[in-house]
Structure formats: structure tokens, C-alpha cells
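What follows is a set of structures to go through.
What follows is chain A paired twice: with chain B in the first complex and chain C in the second.
What follows is the complex of A and B.
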């Protein structure tokens, strides 16, 4: 790597940021994400792991919001505000990991299918189509049911069910990139399959992958919450979807304990919204053809 | 009667729709709130004219055949549709006449003669006679498929005959103490003798189902409803309601919402929060009665079959009484009653709930395992399980002790107690993995568990719940399924069980039953944590009066008899659905739900717009 290459990269990063800044919604999303991430990362210092403890719970069951417990307490007498902050860690972590896994599978499948083409592409794309038409949630529920209940199961269940969109997008982009003349020149100069895929195709599909990841995170967080709400998550870890499930099991809906239900639901919606805003901004920055004013 | 209550299964509502996914999660609160009016509206009142008593239930029917049914909902319905030889009094659960009016035993206690009542007729008009009872018992004795549910009652029968239509004679191989508590529904011979394979016949094809109980089953749709009409010719008098409907609500909150709107008259199995909220509402009475269930921790004593082969993968450390003792010593039952059940339970002691006063036993003094974590740690140290540098207790193989516990994913109490156990045992240095499953019976039957949450409803006659801990109920081979609860096989317990089974003197039998509980306690395989209360609610503007069992502070759902629904009197006011008396707090919740829906809607919009852009890509 020459210093020239670094210079060029720094330049393009600066250009990226300059354009990104012009998307106001994207900035709001980024600010929201930064705030939530900060809360989640500093949770061990602010609320502490003790907030999950049922034996040392400070309050009584299902207290309404008060000065001591701004969001009230759950059925064990734990502070819901503390649990909400602590739950952000699992919700964000699972969302990130699942999205990364899903995009990684999608990219691999897409690049391979787009590059080799032929019967491999046909076979792989038919499998992709199959996953595409299967409702993700049903498949994820099946996976989460048959495997043992843990956070990793949920990550895996979301990851292996939500990759087909990425695979299709990446394959299309790969085909487009490979039809450009410089790929032909690289091949003529002796570049093998691996060289073309890793050095020429991958850097060109990376922007797409990045945008897809950002957008995928919000979907993954929502799916995680759904699975946890349906009781398929790990019941021993605190997550937002799990809090909703706990609330439902405690009968909070019919007994009108809104402070137990509303905050996790709103938190999920806000985080998903923030990731979507960021993802859209990134997408339109990296793909000028999408236009600016949207 | 078996009254299996290992899991009152309540499958999750699943609405798998791709477009709904985003909304489902983002507006989860909305989804659950919005679901309530939808379900209840769909389940609205069926027929105007006549009084209908609607009961919300969640547990599925395993079978409507009395020869197969084991679940609480099914057996409760059979109580309504068929007569049993004897019944239990609503006041104090003593045996009272039912299909039999009187009975006597011969001097050698081996021949029992029952006088069958003359005023009982089947709902198709044919008279119900001793011949029907004899046929029912003989079928169970000769066809193993007909003995699935209640075979334990007839296993000791030598011969059953009906010398005349009013006399039933049962000859026993050896004396049997449960002869006045034979919880076996008597079926009409002229209908059932046409049945071929008893293992496959579920009695749910032809309606109305012929019976001679206070109600007649007229219709049944799987997991939707069971409809019953009163039997006008019932000898004790016809029930007062014109119709009894058991309607399915798989979601507890939906059932409570339906009760609030007046669409159902009765809801069982409330959570403490629901009970507290319903208590303050007009026209609703919450019944909080001592339950007939125990809720326990069971440890795998090394699963084995009657052929002597052991199987399963139970943790070897749990075979050490010191380890089990330490685990149980660090369970604070008072806290569980206080926190998890929020006072709606009684602290666990022996085995049989205190409600059955004559059989209730509790450990005293040195025998009792009180909450004492320090003693627990000491016991482990003394037994050679020491802590390593990280504070983890090491097993005999030098690896940290980590146990698994089987938990019913459908039971919130299991998960809640699991959280406490993790923390209490964590203090001891012992890890705990909570394995929650929709159906625990697979690993349970295979012996693939270390610990498990266990619970049974107890009948006025304790024979059955005691029998499930005898060696005789172990599976014949590792491949079979036995009636055993937890693979416990103890010689001393077995010999006491055999003694009580033949003891006709009630005081002496009660004493034996207490000694059995003491022995079971000392084996240290089970820790009864609580006796949960029956927490249920009904609408007083639909039900004017209803009999609890026992009459003073008793339960309504899952009684040992048909008393509650038979005795229910309709209120003077209209039985049709009242105006929805949604409380203000529900209003607030719905308001918030709407707000969340708005946010989610926005998200959905964003997403669709993004989709549009993605389609334009090359």
C-alpha cells in the first residue's frame, strides 16, 4: 500500500461524510444511534449487572412509575428503566451479529453465483428463491424451536433466514461489475477467479453490502424482538422483546400496566428507525443514481 | 383419575405473515392490544335467548374418550358428562353416593357390592344399569388400550359382575383402599360395545354424546369450544343454566379482556397482576382459594427401568444426597411464595397440600430442610465439593458443577423460579442452565434431565399421586413409558404404599400416608416449593351463585366433582354480553398502543419506499 492509496481513501471518506452530512434524516439517525450505543456500552457502569438480579430486586411487584423507579418495576420488583438500558445490549448485539451473518452469507452466495454463472448460478439462485419465498419469521421460528434456547440460536436463526435479498442484490451488482472492460483486461493479464472476485468485484459491491448491513440491522432487531416476544429467545437474558414477553406473561396487558409494555416497544421502534434512517442515507450517498432529494 | 398437570399447555399465538413482521415487532404492544378486541369480537355471544355460562379454558383436550383422557380439562368435562360410582361431597370431599347409592365390603374385604341407583337414565332414553358399569370395568380389565387413563384402579380387580340391573359386584385379588374413590366414568354399554380400537377412538364423531351426568356434550371443535346442554332428567336435578360452553383462549390476557367485556363468565388460572386488577372492577368476583396442586423441584435419581437397565443422562453428582440437600437448603420457599406467587400460594412442606387436612404432613425440627445457604455451602465442603479460584464448585471429576433444569416454556412460574434458582445456586458456586421447552415429556421420559419443575393435582384420595413414586410404575424397559413421575424407586416407600393400599381404617391409612410422605421427603429427590392457590374470577352479573369445593374457601375450576357448573345459578340480569367496562388504565394502554402503531407505520412506509429504490438498481 502506497501513501498515495491512503491519500485517496482519506479523500473519499471525507467526500462521503460531506455528502452524508447533507442528509438531515441520516444525521438524526446517526445521533440517535450514537446515544443508544453509548447507553448500552456504559450500562455496566450506570445501571450495573445487578439490575437483572431477582433476589436483590429493590422494589415490589409492578409498581407504577415513581421518583425511585422512573419507569416502574416488573413482576420481580426490578427497575424497568435499568432493565431497558441493560436490554439494549442484547437487542443491539443480536441485531448486529445477525445482520452481519446474514449479509456475509448473502455476499458470498451473490458473488459466487454472479461470477461463475452457468449451472452453479442457476442452482444457487433457485435455493435463494426458495428462501426468498419462505416467510422469514416462520423459518426462524422453526429454527429457534428445534435448537436449544440461547442468544446464539437466535442470531443463527435470523442470519440464515434473511440473506436471500442481499444475495440477489450482490449477484446483480457482480454481473454488472464483471461486464466492465477492466475486468476483461484483468483476466487477460492473468488474473484468476480469486483475484477478480477479491480485488475487483468485492470492493465494488462493498458499498452496497454496507448499506444492506445497516438496513438489515433494523430488520434483525425487529425479528429478534419478535422471536423473544413469542417466547423463543433465551428466557434468562434481558432483551427488549423478552421484556414484552415477560409483560405479557405477567398479565400486564389486561391489568393495564402500560409502563411495562410501552417503553420496550417504543425503544425497539426507535432503534429500528435510527438504523433505517442511517441505512437510507448511506445508500443514497454511495449510489448517486438514487438521487439526493429523497 | 390422573389429572396430569405437568403442563397446562398454552401454545403461543403465531401469526406468520411477512408483511406483518415489521409491525409485529415494532408495535408489539399494539399487536397484543389490538389482538384482544379482535379475538373477543370473533368469540362473541352465540345465541340470544336462554342463559349461557361461558368458561374460558386454555388446555387442549387430549381425548373425549374417558378411557384415554388424562388432562385436567378433559377429565373435568367427563365429570359433567358421565356418572362415577361415587362422588366427593362439595363441603368436605367425603365420599357420597353417585351412580351407586350404597356399598358394602365382605368380611374378607375382597368382595365389594354396590347398589346402583334406579333413577339414572342415559341421555338417549335407555336406563343406566349395573350392566353398564360391569361392562366398563371388564373392558378396562381385558383391553390394555382401554386401561390407558384409569388402569391403576382396575389392575387389582379379579372379576366384575352384574347379577341384576341394580347390583354390581367387584371381586378383588387383594384388598384395595380406593374402592370408594374409583374415579372411573361409567359409559353406556349399548354405545361403546360397537367401538373397535379403543386406542384410536376419541368419542368426538357423534353428537350429542350419550351420557348420564348433569350435562350432555353437544358439540366440540378442537381448540375452539366444547358445548354442553343440561341433562333435564339428571337424578340430582337439572343444572340451572340453559347452556355451558368451554371456550378456548390460548392467551391469558385475551381471556381476561373477554371477562371484562362480559363475553365469558369465568376465567381460571389468573396471574397475580390480573387478579389484582380484576378485584377492583364492578360485577367481577375474584376467587383466591387454596389449591389442590403441589409445585416441586424434582431431581433425576438415575432413570432406570424395571429390567434393571439405567438410561438417560442425569448428572452423577445429583446421586449424592449431600449435593441434593445443599441445593434444597438454598431454596428460599418463603421468598418464592412472596415474590413469584405474590402471596397466592402456601409454602411447600411435605407432599400433599394442606387442603387435604387428614393426609397433610409436614417435616418438623431436624428433619426439615429450612432455607440455610451457609449450611448448604458447609455440606458441600464436607462432601468434598470445593470451590476453585473462580468461585465455581468442582465435581468429583474435577469439572465445575453445572446442572440443567427442565422448564415448561408455557409456564411463567417455571421461568421466574428458574431465575431465582440461578442466583441462589450461583452463590453456592453451582451453575444452572434453564432449558425451557414447549413439551418437556420427551427428555423427561428418556431420563435426559438433571432437575425438573414438577407438579400434580391431588385428588381427595391420595393413592394416585403416591403410586407414581413406586417401583412398580417404572417403565418395563428403557424404551417403554411408565406411569412413574420421576423414576423414584424406594423399598421402604413401596412397602408403606402396599400397606396403605389395603388399609380400610381411615385413621390408620392416613397415618401410613403421612409416613410415606416423610420417607419421600427423606429420600431428598423432591423439594415441594409451594402449593399454588386457585386464582380465578367470574362475573357476578351473569352467575348469581356457584358452589366452591370445599364449600368454605374452595376452588371452582378443576373440582373433584361437578358441583361448580351444576350448581351455578344465572343472575337475574341479561346473560348476554354486557357493555365493555374497559377501565381507564386500559384506555391509556390503548392510547400508547396507537402511538406505537404510528411509529411502526412510519417505519413500514420508510421500508416500502426503500424497497422501491432497491428495485431500480441494476
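What follows is the complex of A and C.
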């Protein structure tokens, strides 16, 4: 029984990959992500945690790019290339965690509201609508301001402000799935609420959830950079947004030190773009009607 | 900032469209009921904003009075006096009741930092933000609509791919970073490029009047507006593109072509007006979003608006000011959504009647 289900799932995954492969932009995104993830994961071997140290900085302050420091140094004499590679770790980690948290809340709310319906759905969807009209960034900034400075605060601030879109989509999908005859069959055979939601609804909304997570990560990475730039991130960890804040404080703008400012922003944009391309490709594989460009 | 986010107004309009064919009551009474419902919903949302803003700021660790007197030697009695002055010694429920009563009367409290009423501070900075966001929204809606139409009409072609590619790339760029780069290149000057635009602010303060003053403000406006437009137009483009793609399979376009209209006319007179509907809602919702999104751009360009004020308030943190601005930003979003909801049925007779 289970092996049959797995075989079918493997089949549909293979079909998914076959269609995904025809989206060239999605493939570029995927390749870019694989490369950046590899750099971030191997950072302890290539640049080492020492790169963050202010006291053991190898260079002098604000050196322009040279053979020793390909991207120059910051105001403490740290290598900007090293910081950039090390910063990928926190940006990717926060982006992933925040998107997973946001999509998890959204999926839970959406499935519950869609499955139970009635007054529960009405109340929950009212709250969702309210969150939907809130300016997400302002809410996240306020949350990050009133909590203590740490990575988890940022994850929480992004996660709890960005779930409503997922909740709405998942609820609609849940209602669509539950109107199919096999759900009636499952209920007739004695399947309870939890069985129906976990074994039938959840696998069916998973593809949608995957697309939402991929798209959500790029937004989360941008929001993380924004919060760090405003000085609301963890001050002890190097992140791309934090590097930009340091650059601004060091007067990189008025003295024209473009080599300090440009790389972190390009890195943020590349990662966000890669996740957006992947997310749009996944979305258009699942819903060809969207007409997303190939 | 999410690609997949359907603005609440559009989502609701789609739902309403799905129930098209429901029994119709009188045209105007139906609209009035729709309007009253939306208005009630907006008021509930606004109250929820007040509740949130009040309780969010009570979980802050640290004592605002201590933060305010940081670095200044203060005695215990002075601290107690300050607390009483800001009403921080009263029980929580009483503070909340006071807060609501005052907020309804337009009194948002007194700023810790500027020692001035929050309402006055906000009112003073509002025009600058309205100018910046107004110009930016008009420009990026126009740009997004134009490019989105072109993209959809020749979808799949080279132009479409280049267009969507550039828009998505710019959209992935952090606005504050783009702003900083623009300052380096066009204000500070880099290599052969001289400093063409001012580095920040809204006017040079050299006392120009009349037309010269308008030109001066416009000169300061260029870079912030370019930044906002560059990072923002992708959303309008994508919505217009997919909405026009939806219309393009329509039989009425075949009819229009069959009766001999040129391609250009089919697009301009038949397809685009229909595809515009969801985009109109977007424009309103964007107005609300952009006000909030301008926090970064205003900070980077030292624009004397609400966003810059918000940043100043964050660094203290100046709680009443942050709180007041939060209410104003959220209120603006609710208002814009309400306007979109009220306008939509007037534009699309299939909805809300």
C-alpha cells in the first residue's frame, strides 16, 4: 500500500522535474542557488570564522581592492570578500527559517480554516485579511524594535507578519481538495478530521506550499537585509544588510567607496532573484494557466 | 513585496466575480450595502490597529524613561516625575483607555525625543512624504502598465523576456542599496560623471521662491523617485501582464479583429480597458505600501518625510512617535484598501451588486 503510494509520488516528482527543466529561467535560478549554498556551507573551510574578528583584522582600514583583498577592507581592516562569503550564511539561514515559519503558520491556518469551515473559518479569515492589509515591513520593524536584538527576533518578526498570503491560498486549495469524491470515501470509511487533513489534504497542498516557500525566501532575505540596515539585526553577526549599514556609517557614500557598497547589495539581489526565478518556475509548472514567461 | 501576493481587494473582487449571477437587488441599494459593509470592516481594522499598537509597545524590554535620560545624571525623583508626566505609572487598562480616547481625538501622545505632540510632528512631515510617494506611484504605475501591456501583447518574445527580466532583477534589489549607489554615482560623482543631483534633503535652503523653488524641489526629487520607481514597477508590470494574458484568449478580441480593427486598436480599445480593472486596485494598494516602503528611501536621501521621522524614532527608541507612525502607516493602508473596494464595483459592474 505504502510502496504503491511512494511509487506514484516518485512518478509525479519525475513529471514535475521534466516540466521544470523546460523553464530556462528556473534552471538558472536553481544553478545560482546551488552555487551560493555551496559557498555558504563551505565558508568555515574557505574563509573561517576568524574573518569576523575586529581585533585580529589582517589589513588596514578602508583599503581599495588589491591582490590580497580582492574587494578591499572595511573600517576595521577586515577582508570584505571574506565578510561577504560569511554573510551569506546568516542571510540564507534567516531567509530560510523565516520563510519556513511563515509558510508553516499560513499552511496550518489555511488547512484548519478550509477543513472546519463555519465560524472558525470566518474568524480566522478576518484576522488573515487584517494582516493582509497591514504594511508588512512596518509591522516587522516595530516587532524587531520592541524585542531584543537577535537572529531569532528577526526570524520571528518576518515569519509572523508574512503568512496571510499562504493562508488564503492554502485555504482555497483545501476547499477544492475536500470537494473531491475520495475525501467523502475516506470519511465514509471512518477517517477522522486528523486523518483527512494529514493524509489527504496536506499532500495535495504541498506543491503549492513549496512554491510559496521558494517565493517567500526571497522576500524574507530582502526584509532581513532591510532590518539589519536599520540596525535591528543581531549586532554580533555579519550579514549583508549589516555590511551595508557599516558601509554607510563609515562614510562610504560621501567618499565614493563604491567597492565597499556594491558587493553586498549585488549578493542580496542575486540570491533574491534566484529564489524568485525558482519560485515562479515552480508556480508555472503547477499552474500552467498563469502564463509565466518561460 | 511578494510576487504571489494578491492584494486583498483583488482577491475579494475575484470571489465576488465568481458569485456573479446571484439574485440582484436594486443597483444603487446593492452598492450602498456593499459600501457600508466595507466601511464597517475598515473601522474594525482600524480599532484592531489601535489595540495592536498599544499592546505591542508594552512588551518592550527596558525602561523608556531610562533610555530617554541616557547619559544624563538623573535622580530617582526626577525619573518618577517623568514617568508620571508620560502616564507610565498608571495601571495598564487605564493607559489603554486613555490611549484610545486620545487617539480618537487625534492626540497620539508626546514624543520623548522632540518633546512635541506626535500629531504635530507627523502633520509637519506629511506633505513631503505625500509629494514623494505620489509622484513615484504615478510614474511607476504608468511605466508598469505600459511595459506590462507591451510584454503581454508579444508574450514569449525577446522583448517580453528582456522586460520581465529587467523588472524582476530591479525588484530583487534592496531599495536602500540602490539609493546609496545612485548617490555615489550621480551626487558625489564617480570618474567622468560629475555630481549632477543633490545628495539629500528636499530643498537647498538658499531661499528661492516661486518657480525657482519648484525647480529646486524637483531637482531634489529625481533620485529618490528613480529609486522608488525602479524597485517598484515590477509588481504593476507583472499584474498587468498576467491580467492582459487572461483577456487575450477572449472571444470578443476575435470579434474585434474580424470586424477589421487593426491590431493596435484591438489592444487599445478592447483588451487593455478590461485588463486594467485588477491593476487599478493595485495602484491604490501600492499607494499605501509605498508610504511604508519610503522609510528606507527617505532615510537614505534624508528626505524630510514620515519615513525619515520613523527612522529617527527607531534609534532612540521614541515609543510614542513609533507608535503614532505605525498607526498612521497602517491607517493609510486601510484607507487605500477601502478606496479600492469602493471604487472597484463602479468600474466593474459585475462586482459587488
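Convention: the second predicted complex is superposed on the first by the 284 of 294 C-alpha atoms of A that agree within 3 Å, B and C clash if a C-alpha of one lies under 4 Å from a C-alpha of the other, contacts with A are read in each partner's own complex, and residues count from 1 in each chain.
Please note the rule applied: a contact is a pair of C-beta atoms (placed from the backbone, for glycine too) under 8 Å apart; a residue touches a chain by one contact, two chains touch by 3 or more.
Everything quoted here is computed from the prediction, not taken from an experiment.
Looking at the shared chain after the overlay, A:268 reaches both chain B and chain C.
By the touch criterion defined above, A:149 lies against chain B but remains apart from chain C after alignment on the C-alpha atoms of chain A. Look at A:162: by the touch rule set out above, it reaches chain C but stays clear of chain B.
Of the two partner chains placed by superposition, chain B and chain C are both touched by A:135. Touch criterion met: A:222 reaches chain B and chain C at once. In the superposed model, A:115 makes contact with neither chain B nor chain C.
Of the two partner chains placed by superposition, A:171 touches none, neither chain B nor chain C. Once chain A of one complex is fitted onto chain A of the other, the partner contacts of A:258 extend to both chain B and chain C.
When both complexes are overlaid on chain A, the residue A:250 reaches chain B alone and has no touch with chain C.
135-138, 141, 145, 148, 169, 215, 218-219, 222-223, 225-226, 229-231, 241, 244, 248, 253-256, 258, 261-262, 264-265, 268-270, 272-273, 276-277, 279-280, 283, 290, 294 are the residues of chain A that lie in the contact sets of both chain B and chain C, per the superposition on chain A. Remark: chain A residues 25, 129-130, 132-139, 141-143, 145-148, 162, 165, 168-169, 211-212, 215-216, 218-219, 222-223, 225-226, 229-232, 241, 244, 247-248, 253-256, 258, 261-262, 264-265, 268-270, 272-273, 276-277, 279-280, 283, 290-294 touch chain C in the complex. Chain C meets chain A in the complex at residues 1-6, 8, 11, 45, 48-49, 56-57, 59-61, 155-156, 160-161, 164-165, 168-169, 171-174, 176-178, 180-181, 183-185, 188-190, 199, 242, 245-246, 288-289, 291-293, 295-296, 299, 310-311, 314-315, 317, 322, 325-326, 329-330, 332-334, 337. Listing the residues of chain B that touch chain A in their complex gives 12, 14, 16-18, 21-22, 24-30, 32-33, 36, 251-254, 256-257, 260, 270-274, 276-278, 335, 339, 342, 407, 409-410, 412, 415-416, 418-420, 422-424, 434-436, 438, 583, 585-586, 588-589, 592, 595-596, 599-600, 602-603, 606-607, 609-610, 613-614, 616-618.
Interface residues of chain A, counted against chain B in their complex, comprise 53-55, 57, 61-62, 75-77, 135-138, 141, 145, 148-149, 169, 172-173, 176, 215, 218-219, 221-223, 225-226, 229-231, 235-236, 241, 244, 246, 248-258, 261-262, 264-266, 268-270, 272-273, 276-277, 279-280, 283-284, 287, 289-290, 294.
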